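One chain, chain A, appears in both complexes that follow, with chain B as partner in the first and chain C in the second.
Then we have the complex of A and B:
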């Protein structure tokens, strides 16, 4: 029981931000939702296009496919680095910290540019391959789906590390000790004890990474070169190239609904105490 | 003490992922010294042409200054709002505060493209009142960046507050301190480092924000990322390599400065 004398001052302290976001974020979002049912004419026409239009459908399907692949790869990679980060020697920890947190602070644009520098026709990879005589001409390594996936995985790995780390830190060492005492091999301890114990963290990381990946815009737009368009880029194109604000708004509302459903799922796991660290 | 250190397989896998994470950052460096106009490795001679462009081309300089200004405004506004909010939450009953925290974290969770559309709606609306506060204006971009960065600042300050011993606040209250005295003399000095980190993070996030900025600017408020975007979409300009190297170096310096000021390392051997 904290004293109620501070209730009103405390509420007043929270008020500026809550009011600011109510006016600058919540209300305009309702405006966007309104666009989705009024542009170009009142009705649910835009939502019918969401499910009926083959172009919109193919973009949504591609987005889900790419995001699933990206999520699986990113969580697997993050699991490996987090494992060493949490359980490794001091030196290993320092090195991993640099690898995870330095790219995290670097702009998305710089990182996308780095991939272009590596993978473009005259880029570092192609130049080295040709110098070694392994290939005759340049390979098309960029402006395609695999390069989009590589770029997205790169951005998302750090987001998967934190939930995984909090799950791995709660593993009871005595369980591993018991397994070893009973003669389990290194692989067996990992596979039958450690991995199942950290599974809640894996689920949490998977949901978070998937949710984040759905709205990706900058990385796919640059590395995809306008060929494999994802949902977020479609919104941009509908806003600024072929003005079709109603459809852009309808896609935005659909994205929010999908993300809300996934976050609801995540909250359920957290409430059941299944995700490590209660995220 | 860990009974089992990671085996060689785990270490090699983690190392590969680590290399993957650093690779695109390292790739930028040699490209920035290429003498040509194309994205190639320098052959034979190194050149600083592209670094000179950054200082000679007024577009780059103007964008750098604009981004720094917007980053500073955003940092002050966002950190102030977030700190006030987090202090309030810290003093409130937990049950009541969960909903409020959930609400203010929304811009971090909602897909950026949806936030971009929402802020486009807001700013084009505000433009009807005055052009200097809406779409494609410094104030408009600052407001939008504040919306996008404030959840990160809130998280940072809440984390700092979670480490404050409530008994010192209780003691202050017991001795008759007012709410203002408790905040300014007891709580704030204890979370100063967390607030400073939040301000720094907000500055960096605003400095490199592109997803939303792309929707809400056109010709006047060309921030640095916006200018980089224009040079990245079509013909990739090696000047971007030079600016990228500058950005990476600045970020590294900021991270190092933060580490130097930190009283105790965050991730120590338990």
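Then we have the complex of A and C:
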């Protein structure tokens, strides 16, 4: 790439984006990183707190647990949705497109409040259940982990659909025909041919969804109602609710490092998987 | 090795996609253990017919019987015919041995039996030492062998092959053709083979079925079909051929004859012709001489050009009316006569020509 004649034009064309990211993202982040080792006094004290503080630890653990559950559910749902989108009839494809891409245009905040309207004590679900006489009082459907997970899965499914769709579109139809011709049932074809062939897409979708979910702020803040705080909300609290900028900055840096490490690891894994015959 | 080969009876099979008719009224008996080639230009319906035989596409009309049992509506996975796809369709994430084991695993064959049968067939197709490689690590010929082994390992009653050699270079193609012929002999399975390459069809098959525009034009042994095609399309598709328009058709003791540029030419008897027709002769069945022939057919013609083909020579002639004639002669024989001037007689025996209806 560097030796090719396309290098300089390519650089010129991408320069605005690179400059924007440098000034709007990298520089401010360096400032945050600086805070983490200078506030309230210079040193690595905030990072020691990060490792030692049971509250910070529990928030990190909860974040990983929720994000893992969200990723598994979102990728599994997205796999089914994408399968129908790629291989279904024309009508099915249209329906999926509407269901997947229309929510894309609606803000995160609106969708979180939508879930709230559904699940709160006087929300549609509770009102219906009581009207039908199935429950006596309102159920606590919101301000808990399951509601956070539901809201996050809803937001993240479309992000998993795109890498899965590109993987499913590359599957050679003749391979599935060949498996059928050899007498394989649909389930068998799925498990031993279709799923392995789309595994790179599953890895890609998992990576994207997990990384996105780690930084979720609005959805857990609204649906968790302050009870199941996740890392991004903890940063917000340290920064804006308590004068503890140093710890907030240290948590941010830790989160970025974790995400970068995950990206690196999974990108390497995906590359091995894509070139094939690695073993 | 095969438990039994199966015969297929195709009765009036048709297939339409919307308004497009891909196959029309195909009736054909495929004998147990034969090597039948479906030959035709692209878009002739031969591959669609193979897909209907395999069960991947449902026939729009007609019936398909397997040894007398109606299988028209049975699914591909229940017919369990072996199939070699164009491009092989090997599973890229499985090793050679795993690819070949797949149809046995599907059938619930015991683990040790699978290992034994996979090893045996790997030896028979000459892939020993490649068991643990992925398809991407193999050459085209080796991938072809894996595809054949995978399709034959479960001893299917019928093996369907869809243009299996189209991706191979000429040299390898010849070797793989011999290999397929050998496997056909050893397994005794009924082979149904699709190709658009007429020389491949002629050298491999016990019978050839010629397709064009979704119709079955002629079925027969390679020699019969090459030497006695029933229509102009079949005659021209199977190889180069000279077509001489003849008029004033008449029947005599020797056969049927017609007038071409005031010369009466005779061919084996063809009852259903009247008025005018076309006399067809293969270039290799013609000869060249300076004198009119004492026996057989002869047409005066002028040499227009020669092409050296190594062992043979292709001579282009034109008759007085401008009808082109092509003759292939062994190079040595051609060399002896060429210097005798541009005007010759192109000759052939009565038996080597055949009459075809004018429109076909």
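Methods note: the second predicted complex is superposed on the first by the 247 of 279 C-alpha atoms of A that agree within 3 Å, B and C clash if a C-alpha of one lies under 4 Å from a C-alpha of the other, contacts with A are read in each partner's own complex, and residues count from 1 in each chain.
What we mean here is this: contacts are C-beta pairs under 8 Å (C-beta built on N, C-alpha and C of every residue); 3 or more make two chains touch, one makes a residue touch a chain.
What you see is a predicted model, and the numbers here were worked out from it, not measured in a lab.
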item	value
Touched partner set for A:177, first chain B, second chain C, both or neither	both
Partner chain in contact with A:44 - chain B first, chain C second, else both or neither	neither
Touching partner for A:55 - first (chain B), second (chain C), both, neither	neither
Touching partner for A:68 - first (chain B), second (chain C), both, neither	neither
Contacts of A:261 with chain B and chain C, given as first, second, both or neither	neither
Which of chain B and chain C A:192 touches, first, second, both or neither	second
Dominant contact partner of chain A by residue count, chain C or chain B	B
Chain B and chain C contact sites that coincide on chain A, given as residue numbers	177, 180
Contact footprint of chain A on chain C as seen in their complex	54-56, 76-78, 80-83, 85-87, 89-93, 102-103, 106-107, 133-134, 136-137, 150-151, 154
Chain A residues touching chain C - in the complex, by the definition given at the top	172, 174-175, 177-185, 188, 192-193, 196-197, 199, 276-277
Chain B residues touching chain A - in the complex, by the definition given at the top	1-7, 10-11, 13-14, 16-28, 30-31, 38-41, 81-82, 84-85, 87-93, 97, 100, 103-104, 106-107, 109-122, 125, 143, 146-147, 150, 154, 173, 179, 204, 207-208, 210-211, 214-215, 225, 228-229, 232-233, 236, 240-241, 244, 247-248, 251-252, 254-255, 267, 269
List of chain A residues in touch with chain B within their complex	2-3, 6-7, 9-18, 20-21, 24-29, 31-32, 35, 77-78, 80-81, 83-85, 87-90, 92-93, 95-103, 105-118, 120, 122-124, 127, 154, 157, 173, 176-177, 180, 186, 189, 211, 214-215, 217-218, 221-222, 231-232, 235-236, 239-240, 248-249, 252, 255-256, 259, 263
